Every structure is written in structure tokens, then in C-alpha cells.
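Same chain, two partners: chain A is paired with chain B first, then with chain C.
Showing the complex of A and B:
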């Protein structure tokens, strides 16, 4: 366990260096969030029917999603993918530790450090926006705790999916196609583009059982108080089970692949 | 004239080289098709929930979506060189381009022609055709011309945005992601009829980044909808003009940028 914790620490500190990139990312998230809120505003204004969540809840939900974008598994670990492409991945195999866990530790740092840098300024800005666009803080401390706990659960799912993306690079060298497809599935089915509660009811029931809902939807619904605190255990367990399933799946694929890995010379 | 012949030679070479890896090419096209399709699913979900948006049905919105995405797919295809321009600056490739006795614009446009963007184009086309059939649009010569005008105008407008984005990298390589969000955020915003937005946001889309002018007015004329905000009907016809003007203007800014260029020295 110890080497993995130090890997997380080293990578985390390294990632904190990219402050300008994080700032640019934060501004981008702000723009996208604004466009989405504009669209939602139009929809809410023209509907007379019963909508599962209020406009203000939807806005807060959108901002949580935007702030957490860096934490979503929408890409792989660039450096690992480059190692695979150049063949230098052999050095990784020589290391006296479990390759999967090593990559997992790296993913953990990749998903946390930039997100922290991006999300804190974004939260401050969106809390100060005019009423129609601003994020609302949770009504009580319990919602906040629920959000923190399920965000950690989201992080676990995210790291395991990130590792799946890394591993797919071993199968197809460019890996771009699968990665981009996966990223659009993740952004839509996690609720980042359209809040999951707004999906058609039948589709929603399916999406709720997929691991992607654990990435944005569950934390955002705890934050907004849509899910009461006493259900925290159930939802966190749901996230942990999915993380474990994808973790085992990833380990298994990786170990199988390593056995017959052909490294390109050069 | 010779430059233009040379440009088409560049394009031909670029396409041929991409077609060398047929399997990978087909995968990429399918990938792009699916990615845009998944995004479209989000819009569908919203319409399922809310029924309509300010009097626009899903089919009508699909028409807007189709026009915007066809235009943007063309842009992505032929301005790829400008899209990856910061890389050319960083690697010093731009120095090489400057040394050649041909205009920079044509050389960069010819640098890469991404034929795989045909995936997005097909998806836009499918949506557009579906919408046109469902809406039972009577295609007069005028309406057909409006449609093509809107696509051409949209394409030049997006291309202008990409050129402006590339121009910025003469001053800073870092800030690019921010401008990127203008382009992609613009696509997001323009895929809905702008009358759904708040007045201040609508004005930005009409006057500052004239996305609405190239897309909204022509589409309204095609739909035969009565104007909601008292803009004259002939506005639909100036779409290609506005788009081209914007593009030429951005080329002017580009020329200024080239004068400011100092090599990174690598």
C-alpha cells in the first residue's frame, strides 16, 4: 500500500503545477455551463407540465457537473498511452509492483489534483452569479456530507474506468476512437449534459443502474437534497460495488493481455 | 490561381494518406457518427421531458441541429490545420511554412484535411432529412437556396472562429482552450432556435458572434414560421454574406498576427 500512496502524493504535487491550464479549463467549464443553463431556462419557461426537479435544482446540478468534469473518466492517462505507443511500456512491466494498482494510483492523482484547482474558483464564481444562473448551497450540513462521501465514490468509479481506457490502448495502438466514444457516453449518461432526473422515465430507470450515474448524478442529487441523507449508505454501496466490478474486470483484462504482449522494438 | 491548384493537391494527398489505413478510417467515421448521435440523444431526452421549447417541436429543433452540424462538420474537415496550429508553432513547423513562397493560409489549410469528419456530416444529414420529412417541408427553389446558403454561411462563420482561435496562439499558446469554448459553445448554443434564450444572450448571438444570423433566420424562413421578435424576413438571405464577411475579417486579423510572429526557436 505504501508505494501506491507515495505515487499518489508525487503525481498529485506534479499535477498542481499546471495552474494556467487549470484556469483555462475552469473558464471553459464556465462557458459550457452557461450555455446549458440558457437552454434549460428556455425549456423550463415553456413547459407547463410536472417536471421532476425544479429549475434552481437543475442549475445547481449543472454546475456540480461542470466543476467535476476533470474528475470524469473522459480520457486516459496521456503518459501511459504514450508509453504503450512507443513500446516503453516494458519498463512498467519490470517494476516490482502490480501494474494495475500502479496505474490506478496515477489515475487517482490525475483525477483529483486538476479538479481541485479548477472546481474551487468555479464554485466561488457560480455562487456569486445573478439569481437565475447561480448555484445554491445545500440546505443543511447532512446534504453536504452526503455529497462529499458520494464524490469519493465517484472518484473510485472514475479511476477504474480511466484504467480501462489505458488498457484499451494496449489493444488498439491509437485508441482514440474508443476513447472518444467512451467519453461521449460518460458525459451523457453520467448526467453532465442533461441532468439524469430529466431523462424519460423508462430510460432513467436503466441509466440509474449503470455505473455512469455514480459519477455525477448521485453526488449532485445529494448536494441538492434530492436524495435524503439516510439513503447515503445504499448509494455509496452502489458506487463501491460498481467500482469493484470494473476494478476486477480491468485487472483481469490487463493480466490476460500482459501474458501475450508483443512489444514493438525500436 | 496556382496556389489554389497546389492547395487541392495538398488536399488530395492528405485524403489519400488517411485512406491508407482503411480499417482505422472506417472506425473513425463510425466513431464520429456515434459520438454526435449520443449528443443528439441528450436533446431528444429534453424534448421528451418538456414537450416543446417556446413553441418549437423536436422536429423543428432537429432542423436547426442538422444545419449547424453539417456546417460545423465541413469546418472541422477543411480547417483542421488551423485547429492544430498551436502545435505547428510549438514545433517550429510554422517557420518552414513561412519560408515557402506561397500564402500561409492555403498552406495551413492544406496541412490536414480531415475526411473522417464525414461521420458528423452524415449524422447531421440524417437528422436534417428526418426532420424535413417529418415536417413535410415543401422544397421550393427559394427554400433549397436558403438551406445551402445557411450551411455555407455557417461553415464560413465557424471557420472564421477557428482562424481567430489559431491567431491567438501568436501571442499565447496557453489561452487556447478558452477560445475553443467559444467555438464549441457556439455550436452548442446554435443547435437550438435562439428565440429560446434570454434577450442579452440572443443579442450576443446575433450581433457579436453572428451565429444566429447564419442559422436561425434562414431556418425560420424554411419553416415558414412567423417572426417572433420582429426581425425582417430578408435577413435569412444574407447568411452566406455574413459568414463570408466574418471569415474574411478573421483572415485580416490573421495577417496582423503573422506580422507579430516570433519563432519559439525550437
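Showing the complex of A and C:
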């Protein structure tokens, strides 16, 4: 376990150096969130039918999604992709450890460090916004705990998907294709753009069973109290099962690929 | 034997692209491949504590061999064993016993101080704390890293970086070290430092070293055994002396005279170059001894200075590559 903790530590340390990038990211997310909320505002004010979730719940949901953007697996690990492109991946293969787990540890740091840097200031700002735009804190401690636990579950799913993107770089070298595809799928199906409760019922039934709902939708619904605390075990288990499935899949693809790997040049 | 390679073969499939738009479209439908035989039935053995130079032109298969021996690539056929293990079959368990340096790649964390990379490697290789402190101290001393150990890697010069790469590959005290072009791009002083270090490591710690290089001075100062590879086959395996004798027994005489010569013809000796009263002559000592040659020359010209040396190894190798058509 120690090597993995060291990798997380060194990477975390490295990411903390990119403070300007984190600040810029935070600002972007703030404006994205504002735009989405304005759209929601218009939508809620003009709709006469019944809407599955309250306006204030939807706003909080959006802010949770924005704050957690860095944690979403919408891109691969640039460093690992560069290692593969340049052939420096050879050095990763002469280390006495399982390559998948090694990359998983790196993904873990990649998904946590910038998110921490960005989300805390963003949370503070959006709590102080005018009433129609502001995020609301959970009603009770249990909702908060539910959110923390499912956010950890989301992190596990996120790291396994990140690793899938990394590994596909071994096949296509550029890795851009699957990355663009996944970024659309992830942002849409996780509920980051439009909260999943607002999707059409039929589609919702499918999306609820996909791993992407575990990324934003489940934590956000625990935070807002939409899912009661007593269901925590069920939802967390759902996240863990998906993380495990994608983990095993990633291990399998990577181990197969390592066997016929070719490193070109010098 | 520390390293045994038996009939190793490896082929690469290389996609061929036709040029132009039409060619590009054709590629989408039908892709053509060319098979390149990187290694063809290569066999050799290397004993404990040997320092072996592995040379050959670009694309000869040097790096492929190193990558197979270090467990990164799987050969198509044949087998190899290093320290009793088959590298590509038990990679994770095996690599803790070896050190590898790829001169054209880097294993250090670009944005972080060198020492951070070392600390990480300590945990990855699970090096006991006492050993780590001792080995690190020794490496820092031998490679003279003290003054930049806390500098981020991106701010180091190539020579400093290479010394750190060497240290990074040796923190876990491997018994076998693979060096793939460790002196590439280095200036003269850094080259000397790196060579000095490799020599010391081999001598004092008994580390078995395989070294690929294009710098013949590396070979000349370091290696007591040379393997020449070309077109995927081992063409020569022996001491530097054997290599010399195989290619040409010629020795070289450099002669300075007081006046020009306008060329000459002596049996067993050829004039290679003449410039400003300075003659470069290659001669075969089996046909004409140096004494005889000097004798003849001194009757013809007024000699200012004489120097006799071996043909530079660079030229020997170039000649060898030429003769073997590789």
C-alpha cells in the first residue's frame, strides 16, 4: 500500500503547484453554473406542469456538479498519455508494481487535488450569492454524511474510467477520440449539464443504472436530501459495484495490451 | 551466467502510408504493413561482473534486445533468462533486481526536485530506510549530485539530468544494469563523469553492465567485451582486440616532415591523407614492421615527428559496418 500512498502524495504535491490553473478553472465553473441556473430559472418560471424537483434543489444540484467537475472522468491523465506518446512508458514497465494500480493511484491524485483547490472557494462564493442563484446547505448532518460517502464512491468510479481513457491511448496513441466521446457522455449522463431528475422518465430509468449517475447525480441528491439517508448503503454499493466492474475491465485490457506492447525508437 | 539469451527473435509490423490525399483515402480501406525483423535468432551469454558493450548502427536491434532483457517486450520466439528469471514472464517480480537507463527517456518527475523522485522510488522498490540512506549518500557522492539534488528536474542541464537518471536506476542496488545510450548528447566532461562512474560501479560493486552506445570512446574506455549487432543478428562477439584484428590489423603512423612528399608507394603501407607536411599512413605490421617503415621513410624525407597509434575505433566500426553491409 505504501508505494501507492507515496504516488498519491507526490502527485498531489505536484498538482498543488498549479494554483493559477485551479483559479481559472474555478472561475470558468462559476460562469458555467450561472448560465445553467439562468436557463433553469427561465424553464421553471415558464413551465406550468409538475416538475420533479424544486427549483432550489436544482440550483444546489448544479453547483455540486460544477464544484465536482475536476473529479469527473471527462479527460485522461495528460502525464500518462504523454508517457505513452513519447515512449517514456518504458520506465513505468520496469517498476516492480502492477501498472494498473500505479496509474489508479495517479488518477486518484489527479481527481482529488485540483478538485479540492477549486471546490472549496467555489462553495463559499456560491453560498453567498443572491437567493435565486445560491446553493443551499444540507438540511441535516445525515445528508451531509451521505454526500461525503457517495462522493468517495464517485471518486472510485471516476478513477477507473480515467484509467480506461489512459489505457486506450496505448491503442490509438492520440486518445483524443474516446476522450471527446466520453466527455460528452460523462457530462450529460452524470447529470452535470441537466440534473438527471429532469430527464424524460424512460431515459431516466436507463441512466439511473449506468455508472455515470454515480458521478454527480447520486452525491448531489444525497446533499439536497432528495435521497434519504437510510438508502445510503444501497447507493454506495451501486457505486462500488460499477467501480469494481470497470476496474476489472481496465486490468484485463491493460494486461492483455502489455503482452504485445511495442515501444518504438531509441 | 547472469544473462542467457537463446535464439531470441522479434518482428515489428510497421504500417505503410501512401502519400497524398488519394493515398490517404486508400489507407482507410486497405492498410499495408511491412514486416521488420528487429531480431533474428540472437544468442549470447554474459557472466557475472562483465561490462559488455553492445553496438550496431541505428535500427540494428540494440534497444529491442535491451527491452526484451528488461521485461518490457515479449520476444516472438526464443527464450532469455536474467538472474534465473524469464523477464517478460515474471516482470513485476523480476524488475526489482535490475536497473535500466534509457538515455533518450526520463524517469524523473519533471516539475519536482530530484530528491522527490528518489523518495518515490524508495517506496516503489520498498527499499529499507537504512539501505536507502546509505546508497543514496554513496550515489550522491560518486556522481557529484549534492549541488542540485533539490533543484526541479526541468531546470537541470542534460549532463546533470543523466547523472540523476543513473542514480535513480541504482537506488535499489540492482545486480544487473542495462544502459541504453547513457552518454547520448552529453558534453565531454559529463561523458567522462558518467564513464568514470560506470567503471567504478562495475569494479567496486561487481554490477554486471550491458551498455549500448554510438560513442566508441565509451566502448574503448569501459568495455572488455563487445557485441556487434546488425540487421537483427549478432555479427561479432569478443574483446576489442578481436574486433580490431577481424576488421583490419592496420596500424596508423602520423608523420611530420619538413617538406612535401607528393605521395609514395611502399608495399604494405598506404597514404591516407597528406596535409601541410603531415602524413597519415596506415600500414600492416605483418608485411612491414614499424622499424622498416620508418627506415624507408627517413631515407626519403626529413622527418620532424613520428606518432604510431591504433586505427581509431570509430573507423574500425565504420569499416566493419561497411564490410558487413549493415
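We adopt the following convention: the second predicted complex is superposed on the first by the 265 of 266 C-alpha atoms of A that agree within 3 Å, B and C clash if a C-alpha of one lies under 4 Å from a C-alpha of the other, contacts with A are read in each partner's own complex, and residues count from 1 in each chain.
Please note the rule applied: a residue touches a chain if its C-beta (ideal position, glycine included) is under 8 Å from a C-beta of that chain, and two chains touch if they have at least 3 such contacts.
This structure is a prediction, so every number in the text was calculated from the model and none was measured.
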Field: Three-chain arrangement built on chain A, chain B and chain C clash or fit
entry: fit
Message: Output check: A:148 vs chain B and chain C. Expected answer is one of first, second, both, neither. What do you get?
response: neither
Superposed model, angle subtended at chain A by chain C and chain B (C-alpha, nearest 10 degrees): 90
- request: In the overlay, answer first, second, both or neither for which of chain B and chain C A:96 touches.
  value: second
- request: Report for A:248: first if it touches chain B alone, second if chain C alone, otherwise both or neither.
  value: neither
Task: Look at the residues of chain A and decide whether chain B or chain C touches more of them.
output: B
Message: Per the contact definition in the header, classify A:237: touching chain B only (first), chain C only (second), both, or neither.
response: neither
- request: Look at A:139 in the shared chain and tell me whether it touches chain B only, chain C only, both, or neither; answer first, second, both or neither.
  value: neither
- request: Pick one for A:206: touches chain B only (first), chain C only (second), both, or neither.
  value: neither
Task: Check whether A:127 is in contact with chain B, with chain C, with both or with neither, and answer first, second, both or neither.
output: neither
- line: Once both structures are superposed, the least CA distance from chain B to chain C in Å comes to 5
- request: Mind listing the chain A positions that touch chain B in their complex?
  value: 20-21, 24-25, 27-28, 31-32, 34-36, 38-39, 41-47, 49, 51-52, 174, 176-178, 180-181, 184-185, 188, 193-194, 198-200, 203
Query: In the complex of these two chains, what residues of chain C are touching chain A?
result: 12, 63, 67, 70-74, 91-93, 95-96, 98, 100, 102-107, 109, 111-112, 116, 119-120, 123-126, 180-181
Query: Which residues, counting only chain B, touch chain A once they are in their complex?
result: 24, 27-28, 31, 34-35, 38-39, 41-42, 45-46, 48-55, 174-178, 180-182, 184-185, 188-189, 192, 196-198, 201
Task: State the interface residues of chain A toward chain C in the complex, per the touch definition above.
output: 2-3, 5-7, 10, 13-14, 17, 86-88, 90-91, 93-98, 259-263, 265-266
